[in-house]
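Common to both upcoming complexes is chain A, partnered first by chain B, then by chain C.
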Partner chain A sequence: MTVLRLSGLSKSFGAKQALLDVDLSMEEGEVLALLGPTGAGKTTTLRCIAGLEKPDRGSVHLDNRDVTATSPRERDVAVVFEGFNLLPTLSVFDNIAFPLRSPVYRRPEDEVRREVAQAAATLRIGHLLDRRIEQLSGGEKQRVAIARALVRRPRVYLLDEPLSALDLKLRESLQGEIKAMYQATGATVIYASHDYPSAAAIATRMALIEKGRILQCATIGEIIADPRHAAVGRLVGSPSMAQFPAHVTGQGIEIDGLPMRLPGPGEAGGSLLVGIWPEDIELTTRPTDGYAEGRVWATDFRGRDKAIEVRVGSQRFRKVVELDLQAQQGDPIWFRLPPGRVFHFDAATGERIDHGPTRRAA
Partner chain B sequence: MRQAIPASRATAHAVPKAISDRTICGLFMAPALAILILMVAYPFISLLYYSTLNFSILNPAKGSEFIGLENYTRLLSRESVWERFVFTGQFVLATVVVQFCVGVAVAYAFQRNFRGRDLLFTIAMLPMMLCPIVVGFLWRYMFNSEWGVVNYLVTLLGFVKIDWLGVPGNALWAVVIADAWMWTPFVILLATAAFRGIPTDINEAAEIDGASPFFRFTRVTLPMSMPILLIAFLLRLIDAFKQSDLFFAMTGGGPGSDTETVAFRLGKIAFSHFYTGQASAFAVIMLVIIIGLSLIFVRLLTQQGRQD
Partner chain C sequence: MSLHRQPILIPAIVIGIYMIYACGPLLWLVLSSLKDRQELFSWPPSLFFTPDLSGYRMVFGIGEAAETATALGLTDALINSVVISVSGTVLAVAFGTLAGYACSRFAFPGRDDFMFFALSTRMIPPVAVLVFYHVMFSRLGLSDTRTGLILVVTFINLGLATWIMKGFFDGVPEEIENIALVNGYTRLYAFWNLVLPMVRGGIAATAGFCFIFAWNEFAFSTILATTQAKTLPVKISSATGATGIEWAQICAAGVVLVIPVAIFFWLIRKYLLMGMTFGVLGRSRT
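After this line comes the complex of A and B, so read on.
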């Protein structure tokens, strides 16, 4: 059953186009990550769904009901904001109970106590219920904010960068708790984030947004197999897609500044962007035929493996390699882009184009 | 600079430890302390001293006689003095309640965006900036029973003219209206500041969680702005307690002495009867009451602070 549908949603603030023709629909129990850089329109999208912002054009449907003109308190959605939306004047218990005591969602007091206790147990904050908000750490505050959203069992949860203010360790443990929370309740969740790993950890599907437009909305597997836009490649993956400016010559596609030629159309044509997932780039530490020489610019040790950044002229990419690969900072390294693994993007618009053999969708 | 640093260190070491740190601290604080004692402590102590004397500044040559607490006992045993306290209490309660009800409501209305809001806000602030005596005479004319605009409106509504300033019960309300007119802007100002300090996130979250505007006002806006509203309340309470100018201009304390406030009576004792000793005792009593009220609110404020 379709719980949420956005059609042709547009919104501008003065001269800035915040959203442009956003279409999105979500099934019940789905967890959708809204992934995009800062200022891409994630928050505006969530605010339009919640009713805090009125779209210039387009509509919002919740449960096949047009709520575009409905006030926030009659939409039955819950939002967890990036900043903490908790009331410093109330205790943790009263903060979580707030929605259940409001005129719209009021419940009998014994039921409120039960629901709050249950939400607190889910997020493991049962021992904090008597505390005051200012006595909590950032991670505890965020759990309380999530519990406050959870306690009401709304139709849709909107999480706006709920974890970005937290340190890595807390983020990972809360990711697990959010996941457990929606798996237990079958909740429908939109999780807005600029952080690919946390989005990938939580979501079943991803909508990639940039400059107010949804570039692609698919499962992670589908995106990896078939990225629709160069910007999608830049947002997805850890490290993200390697992209090389290139030209179409009569003999194929030549990557700018590299002695590397990929199969392409017969006739010469303009410039394009060649993209490839770093996992598909082949590396070797010895000069090899058909490989281009680059230099290891930087290495990040990540415990069991390491990420290296390779540069050749103005071209560069990052790739995770085995720890024992002989690639220290400053070492030469040889790499190759297997022709069947690359994607072609229009250099100007970033749209996917097809210039001869590329990786096929699985 | 690099060479200057060791040089200055050397001189610091060279200073003999003849003066202790405490003395240096004391020396630095001495001027400020001296000014404080001169400006605050001296007047207060001299007030306490005068309150124990039978003394009049009209006749200093006659000298002063130490009479202990007799000024106090004489004042507090007089029923007319107690009546002044009761009257002042009624006035304070009425005017502060009116100011807060109107002020908070208007400030809340000013939270919405509408055309001309800033201009209207500025105009609303004007009464506060006028001189109290001016405000008093302004309202005295408006409340004039024969040709005042208030009674004109009353007759328009089909009622008979009201003797606003000649009947004690009416005069109390007339001055309450004038005082509230003058000082509600202050409440509006502070309440506006308090409301604007509440993060919009919190209000939006409350709205999403099903809170109606009234629910948000009572559960979010008011509790969140309580510290500032308490301060405004304290300031208005103290000021209202000391009110005498408006009564002076509007009723002259009459009819009889029925609309004299405590501060008004104090002025009379001091500068009509020139009982300087007794007036000093009266001033001390007022001061004690005001300090008592303030302490209650400071306690409330610190409690609030501990909660937040």
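After this line comes the complex of A and C, so read on.
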């Protein structure tokens, strides 16, 4: 059943177009990550869904009911904002109980106590219920905010970068808790984030947003197999897609500044962007025929593997490699882009210009 | 003298001189109000003398001192001043709080123009518009009434109250209302139960400023309140009668004029700085 549907949602703030024709729909129990850089329109999208912002055009449907013009209190969505979430004048208990005491969602007080205790137990903050807000750490505050969203069992949870202010360790443990929460309740969740790993860890589907437009909305597998836009490649993956400015000659596609020619259609003289997932780039440490020479510009050790950044002239890419690959900072390295694995994007608009999905090994 | 103490000395002298400059006249006023006629004119002014309360008796019309022709009888004016200042302050703070909230949270058309206009009500020299007030108030039957002066005092304070309160509301994160709205509460509930308690200090500071301006208001009151609704400052200024000046009485009246302001300042002292900075010392809006 479709729980949420956005059609043609547009919103501008003065001269800035915050959202442009956003279409999105969500099934019951789905967890959608809204992934995009800062200022892409994630928060505005969530605020339009919650009713805190009125769109200039377009509509919001919840449970097939048009709620575009209704106030936030009639929408039955819960929001965890980025940063400021708690009412400083209330205790932790009262903050979590807050929705259950409102005119719209009021429950008997003994039920409130039971629900609060249960939500607090899920998020392991049962010992904090008597505290005042200013006595909590950042992570505890976000747990309280999530617990408050949890007590009400709303139709849709809107989580706006709920973990971005926290340190890595806390973020990972809270990610687990958010996942456990929606798996237990079958909740429908939109999780806005600029961080691909945390979005990928939580979501069943991903909507990629940039400059107020949804570029693609699909499962992670589908996005990897068939990225619709160059910006999608830059947002997805860790590290993200390698992209090389290139131009079309009579003999095929030539990557600027590289002795590398790829088969490809198109008129001679056109320029384009060649993209490839770093996992598909083939590397070797010896000069090899058909491989281009680059230099290892940086290496990051990540425990069981390492990420290297390779540069050739103005071209560069990052890739995760085995620890035992003999490539130190400053070493030469040879690489190849297997022809079947590359994507072509329009240099100006970023749209995909080779048609149909490219196959990719699992 | 140790090296540590040395730097204290010069600031102490500077502050001491300033204290004498600032508090000297006030002390002189209080002492003079307690002196009899002979003591008053002795030079240099004496610090030790037998207090004489006849000035205060004349001011409040108590006992035989009140019988003298020059006794002011300030009780009525005092009541007028209290009623007008308190009512005007309450109204200005109440409406200023509502207007300040609206200007802080809603981007309605013409908001910035409105804010500028609101501030301009404080910049206009009263003398410039006095005549029109006088005509308007006579037509409306508001001349020489407390109601009329309450309106004037509310008017001159409303712009300032709006500005100060807007500053304080800007310091309260908008998320407070958003949290309430998405959890099933109305904006009115959020405003009244969540936001207002967070700006209590701001309300106190605003009330302080408004009360002081209202209490000291002189220009409008002189013209608009000629007999019945005369306020304390107007009444005292008119004390220079034909039969000579009762200095002790005037000094006593001055003390009476200072006391309410002093008490009010004392009560809200910790909020005053916040008010002067229009609340910008609080957290910025996120």
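In this section, the second predicted complex is superposed on the first by the 351 of 362 C-alpha atoms of A that agree within 3 Å, B and C clash if a C-alpha of one lies under 4 Å from a C-alpha of the other, contacts with A are read in each partner's own complex, and residues count from 1 in each chain.
Quick note on the criterion: contacts are C-beta pairs under 8 Å (C-beta built on N, C-alpha and C of every residue); 3 or more make two chains touch, one makes a residue touch a chain.
Note that the coordinates shown come from a computational prediction; the quantities given were computed from them, not determined experimentally.
Trainee: What does the overlay on chain A give for chain B and chain C, a clash or a fit?
Mentor: Result for chain B and chain C: clash.
Trainee: Would you sort A:G221 into first (chain B), second (chain C), both or neither based on which partner it touches?
Mentor: In the superposition, A:G221 contacts neither chain B nor chain C.
Trainee: With both complexes overlaid on chain A, does A:G303 touch chain B (first), chain C (second), both or neither?
Mentor: Touch status of A:G303: no partner.
Trainee: Give one of first, second, both or neither to describe whether A:F81 is in contact with chain B, with chain C, with both, or with none.
Mentor: A:F81 contacts both chain B and chain C.
Trainee: Examine A:A50 and indicate which partner it touches, taking first as chain B and second as chain C; both and neither are also allowed.
Mentor: It touches chain B and chain C both.
Trainee: So in the superposed three-chain picture, is A:E134 touching just chain B, just chain C, both, or none of them (first/second/both/neither)?
Mentor: first
Trainee: Which partner does A:R73 contact after superposing on A: first (chain B), second (chain C), both, neither?
Mentor: It touches chain B and chain C both.
Trainee: Given the touch rule stated above, what does A:P108 touch, chain B (first), chain C (second), both, or neither?
Mentor: Neither partner.
Trainee: In the superposed arrangement, what residues of chain A touch both chain B and chain C?
Mentor: In the superposed arrangement, which is not itself an observed complex, chain A uses residues 50-52, 71-73, 75, 77-79, 81, 83, 85-89, 98-99, 102-105, 148, 152 for both chain B and chain C.
Trainee: Under the definition above, what is the set of chain A residues touching chain C in their complex?
Mentor: Against chain C, chain A makes touches at 50-52, 71-73, 75, 77-79, 81, 83-89, 98-99, 102-105, 148, 152.
Trainee: Flag every residue of chain B that touches chain A in the complex, lowest number first.
Mentor: 199, 201-202, 204-212, 215, 219-220, 223-224, 226, 307-308
Trainee: Could you list, by residue number, the parts of chain A that touch chain B in their complex?
Mentor: It is residues 50-52, 71-73, 75, 77-79, 81, 83, 85-90, 98-99, 102-106, 132, 134, 148, 152 of chain A that touch chain B.
Trainee: In their complex, what parts of chain C are in touch with chain A?
Mentor: Those in contact with chain A are residues 173, 175-176, 178-186, 194, 197-198, 286.
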